[in-house]
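One chain, chain A, appears in both complexes that follow, with chain B as partner in the first and chain C in the second.
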Partner chain A sequence: MPKSETTLVKKREHKGLDKYETETTKDIEQRTYQLAKDIVEQIKTNRHPTFTTKVRGLSNIYFDENKKYIQLGDKKVVRPFLNLGAARKFMQTMLVNDKCNEYLKEGKTASIREIYYELKRTVANTKENTFDAQSESDEVIVDVEHAVSTIREKLGLHAESKGSLYGDITLKDLKHDNDVFNCNSLGRGGWSIMSRIEPEEVEIVDVNADFLLVIETAAMYNRLIEEKYAPKHNAILIGTGGQAARGARRLVHRLRFEYDLPVIVFTDGDPYGWYIYSVIKSGSMALAAHSKYLAVPDARYVGMTLTDVETYGLQNVTEKMKEGDIKRAKELMSYPWFQSKEWQAELKFAIDKKIRIEQQALANKSLDFVARKYLPEKIEKEIFL
Partner chain B sequence: MQETEPQRKEIEAEELFTEFKEHSVADFFKKNKQMLGLSGKQRTMTTIVHELVTNSLDACEEAGILPEINVSISELGTEYYEISVIDNGPGIPEDKLASAMGKLLAGTKFHRLVQTRGQQGIGVSGIILLSQMTTGKPTKLISGTNKGKTVSIEITIDSKTNTPKVSDKHYLENKFKGLAVKCKFKDIIYKKGQTSVDEYIRRTAIANPHLTLKFQDPFGEVTIYTRTVSKLPSIPTAVKPHPRGLTVDELLTYARHTPARKVCSFLTSTFDRFGQTSIDNISALVHFDLNKDPKTLTWEEAEDLVNAIKQTKFIAPSTDNLVPIGEEHIKKSLKSIVEPEFLDVVTRKPAVYQGGYAFQIEAGIAYGGKAGRIVSVEKTIDKKQVITEEVRASEIIRYANKAPLLFDAGGCAITKTVESIDWKRYGISKFEESPITVLINLISVHIPYTSTGKSAVAEDPDIISEIKLALMEVARKVGIYIIDKKREEEKKEKKKVFAKYAPYVVEALAHTTGEKEKDLLLKNLNRMVLEKLKMEDEGIKIADDEISQEDEGVIDEDEEFKE
Partner chain C sequence: MPKSETTLVKKREHKGLDKYETETTKDIEQRTYQLAKDIVEQIKTNRHPTFTTKVRGLSNIYFDENKKYIQLGDKKVVRPFLNLGAARKFMQTMLVNDKCNEYLKEGKTASIREIYYELKRTVANTKENTFDAQSESDEVIVDVEHAVSTIREKLGLHAESKGSLYGDITLKDLKHDNDVFNCNSLGRGGWSIMSRIEPEEVEIVDVNADFLLVIETAAMYNRLIEEKYAPKHNAILIGTGGQAARGARRLVHRLRFEYDLPVIVFTDGDPYGWYIYSVIKSGSMALAAHSKYLAVPDARYVGMTLTDVETYGLQNVTEKMKEGDIKRAKELMSYPWFQSKEWQAELKFAIDKKIRIEQQALANKSLDFVARKYLPEKIEKEIFL
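This part shows the complex of A and B:
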């Protein structure tokens, strides 16, 4: 699939929005309204006020073999108000739900820290606050997401933005005077990925590339830009800067499903890097309910692998794995989506040898080695794990 | 060579004895400070007040007067104080005043088996002597009786002859009935705390509900404990020892001092509850003739006799001589002084401990309110600011014959027994940190002290057992109260929790839905809270209000994976 330098850039066809993206703001607003309306009815008819959300514990998380990503099961949990341990959380949930409803009505968005501050106040006649820490409102937000079956982005909320986008891709910011810009011409840093990449806010206008390379470290992202890797190989680059934030994952997901863009992941060769790949590919347990918005089950993994150490003679630039790394590697071995013979072998090898290899270790050969030889060769020959 | 050393002059016995006598009284104090409660500067202060207050109390009670005693302490210099105790007692007639107060060890109580407050027994004369020994100053006495004039004298004690010396005698215009004692002391100190005069005064007031006690400390602060009972306690009488628990040694000691000529008459005349039936029973058991002279009893015979006594049943010792404070009276004074939330008191039936002495235990527990003592606790706020907070901790107030025992708490059987109680069983999870006052009054004609210091009760198994039983009886009732109270508080707390959040829930719901009937929602919600709490009271649980067990096991956010 990757093409040589001389190949004409292939303009990708827009496949239309993913079917999950068809819910309008109005739909979500209606659902937050309904949540409140149901409780009002309960109180009016002297029934104990409760709402239902999903169980988010391990007992309700499973790997969907058909869809190839982590899913949340159907186990429900009732959140009552008239329970000593639950009353405070119930109250907080009503505040968050109301605030989200208001954001959606007024077309506003807020960071999860902002909604925390917006709702934080002293409870009358007490010394306590409606929210004492952001962790409290964060937790409630998850409850509301599950109660109204949506993601926080669709509730008008967003987390801190993290990650960058670079390459021949044109976006339109519908919330900013319909700015249209190509991420090739935003300087060396590319576009800073917003934490909200919802279709009603950011439209992907045009994609000219053969594949999307998701890179773990900012340093490697910068290296590839400096080496002009993207134009030379018709690639779009996303630097996640560690574990991919929701915004970056949403963008990867949209590019894959709206433009059928193949996704290739490039991380450090260690359990942490592999877990980044795992999250992009199969979703995460914390956001099990949202895999349909975030997971890319056919994402491929290019490296680093411990086989690369042999292949490229990197033996003297490996690092020792820590105890935590080994523990994590063992966990990865047990995940259903890591059951391929190759991954099991890789993980076992890592656990046995207790070594890891960083992306930047490739600089041991030469700075441009990664862009000139490593990536083109592996991607050309489809040496994926 | 002839001996050049001069012949030492022989000293006459009379001379020797004079020197001995001269030294004895002063030495008596110096050498026996421990025993007299005069060791330690704070303890000496408390002992002085104790002796003076006890003297006043006894005088009032004997005369049938409801006592009113004023104690005041003023600081004259460094470790130099003047202590004055004024009572409303009968006073002492002018001609007897000096001899009654100024003769050392002149009491008549010393060899009687009677329940007395005086632990140290040095009396007012001892205090007068201590005063002159430390300051060289006389003690001022003012006395007023129903007849005659109010007389004021200054008195010192001639330690050589053990006789009082009177100076500055004059009459006062003011009509006064009672006795005032004013004396100065050096090398003593006034301090606050668990062993302070303040605490002595408080505890004395608690044990004597018929007493009105005023106390002015050196800073001029006045505390008044007003009597809560206007009936005088009956006066304890002297009694004979009970045969139960008698030891061989004790038996022989009594036998040597008896005027009786036969062992049988010695037994019936010396011991309580020892009648002809007892003699008949005993004579069948012993291996010698009970008609022999008790002064000729051998150790073996005495042992034989003690064994026989052990096998014989005696009526429990007469207890008319024991005068407890009484349940109602202790309750009244604790209520007035400690102002607790809950209070229970028990006066046990008299029992006998080793040695055949009758004793009786009174136990009281006051919980909440001003119960317990105040302690300062350092507390950290917001992880940086350290503040000192005053909280209430438990206290054990011990009495021997209504007299407070302030010292040697750790070595006292009362303290040990109180601490051995499993307080958790009575709803008190942390005894030391609870607002609780435990009162124990041990009454006996003979209190078994651990040492001559007479401030701690020895660990006698019979006494310990009685204290335990008494405590368990009151603790049970206190426990029920505490557990009920906790339940009630929880209920209130629950109601509060729902009540404080309900308006926010309603406000948010109304805002989301545009609902106008906010008042109705709040009213319904509050009613549901009350109904729920009421149902819980009746033990009914509502299934859908319980949080699902499956909702546990929260998963970390992915971002938290590394580091």
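This part shows the complex of A and C:
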């Protein structure tokens, strides 16, 4: 963990990419092609066309105790074409797979809403639409991800972008004139994190930092920039603006695994904030198949905690938890990755006291308290939950 | 309006700042000091302490037909201290005014949530809190803005930051090592727009563009970057990510008035999108006093419109309006700044047909349709609503 006196400007060497990160666009394109080719072969040889994807849902999701993240199991499901209930979905899958193949060949990308609109049409001589709602294409995208064993970003797809990056980190955008820029030199705004941070598109050229601080609220991100927290403590800052978008999560993951950068998460002290931490650390059930691309199992949680309320005398600035918060806290208590006795105690305390504490409540001490005392003290002494 | 053949790289000269933009931090600090000093004088001379601010609410809001934006009228209200119903608010106003004075003296800034937390405490020897909810301090901040005739940003306060900036525009952050950066060289993410874009903090050094395109969705902002729309059509892009945050609005305003950059707005074709346009163009009722800092009365609206649905054959990708959308459309119809016959027709059509059309629905033609045909054609021919 960072100690400012010993690590003033530490340059982190690039460790290289994990195997699944080095798959090229060509590799993935080939697999989408193969999926379609298999169907054609089946038809040519008079077999019923089918393809295989993975079972989703709780029955096939588990917490991998070795890897310390959520995983999708091996249960497979065969999707047939010649079945009244399945034919529509089969058709949709072929359309999405074909379109992704086209994106990869042409070097295009699209948002998941765009591919829905791009593929939506009325099938000739019928009143049937290819898709009636984005929820249908979203479902099928997951099938394709599983069928070709990759993530949507590597299929040319992406969700909305959100979040900002600040600190002594140099990036190169290989798809935009090889722009090279250092996120310490973009004023106090920082860099607007793209929805796609794949290694074949964005290279992390250099990182001079001891750790990465992931911050829930834009206001706290701004606060720490104003207080010069990043240069003083040799930190990179990512403001996620609430639940982290996939692009921000990919960036956190890459910084951890390509540069060995310790990841510390700083959220509001409430079930919503703790869940943000949980998703960064252990992945999510919705994206159980993709934890290896997204999760950071050794991420640490610095705060806010309800213990902080006592330690720092913040009793006057707690807020009441709503019913929804309490329900959410009970859910968190049941997750395998919240079973440590410290987390169980924290969650139980929250449920009993029905209070929550926001990051910005630290301003009650003074605006610079978070940067001058709270974070340095907790991180130095490794007071993590 | 921009014609690409004649204006390939047009350098826009800085026109200078409007008078109200050149007020220094010192000027504003002086006014907050004067407000407090007047109260002290009143007390010393045994008068009842009062201060004067402006009446808010519909009775004092009007649409200024000359300036073409929403204004707050001249009705004033005197806030007394020696009044059981008003004493608490008076005390709160003094606290906020004092804290803003401190921020300005010390060169600090705070989010409106931080100032709430910073000032929240139990008054000595009582059970009374200075503030019980942020809504109280938010109200008082408006009183102080009016009492000292400025905007919160110039008082050291700000809301959450949101939005991204892309294109050949060079900024200098005077409060961050005088960083100079060009938003065309930050990869495809662009610059994360700060919550504060005041001239005394952020200088717009240079702009090479023919117009500014303000875009509602992050996905469309990404699309236009991928299609190289900005360099091809000499545009600056701002993605607001929904309703524009104050920082983004200030930046749009400054680009219009400091660099004469025409502003074109591109949103979803629905009451929510049209309202985003309306706020950028005419200001909002909540911020009626601040339109001169925020509104851009000659902003033009390029789309989406329901006429586009016919023109570009998008019938298959419209969505149904919900009850709330229809109600909102009826409200828009009643606003003085939506009284042109074209807007009335558009709104009536929306209400009758109960349909809406999203920006991303243009992907139904092809991903690059928006950048290759839709925007160039409509902007070239000035097909604005």
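As a working rule, the second predicted complex is superposed on the first by the 379 of 385 C-alpha atoms of A that agree within 3 Å, B and C clash if a C-alpha of one lies under 4 Å from a C-alpha of the other, contacts with A are read in each partner's own complex, and residues count from 1 in each chain.
Note that in this section contacts are C-beta pairs under 8 Å (C-beta built on N, C-alpha and C of every residue); 3 or more make two chains touch, one makes a residue touch a chain.
What you see is a predicted model; the values in this text were computed from it and never measured.
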Query raised in the report: Can A:191 be said to touch chain B (first), chain C (second), both, or neither?
Result: second
Query raised in the report: In the superposed arrangement, which partner chain does A:360 touch: chain B (first), chain C (second), both, or neither?
Result: second
Requested in this report: Examine A:129 and indicate which partner it touches, taking first as chain B and second as chain C; both and neither are also allowed.
Outcome: second
Report task. Quick one: classify A:381 as touching chain B (first), chain C (second), both or neither. Result -> neither
Requested in this report: Once the structures are superposed on A, label A:341 by its partner contacts, choosing first (chain B), second (chain C), both or neither.
Outcome: neither
Query raised in the report: Given the touch rule stated above, what does A:118 touch, chain B (first), chain C (second), both, or neither?
Result: second
Query - Shared chain A surface residues [contacts with chain B and with chain C] - result: none
Report task. Would you mind writing out the residues of chain B in touch with chain A in their complex? Result -> 494, 497-498, 500-501, 503-506, 508-513, 515, 517, 520-521, 524-525, 527-529, 532, 542, 544-548, 550-559, 561-562
Report summary line: Contacts from chain A onto chain B in the complex sit at residues 32-33, 35-37, 39-40, 43-44, 46, 48-50, 55-61, 75, 77-88, 90-91, 94-95, 97-98, 101-102, 123-126, 130, 242-243, 245, 272, 275, 279, 284-287, 328
Report summary line: As the complex stands, chain C meets chain A at residues 108-111, 113-115, 117-118, 120-122, 129, 158, 160-162, 164-165, 171-173, 175-177, 179, 181, 185-195, 202, 217-219, 222-223, 225-226, 241, 316-317, 358, 360-364, 366-367
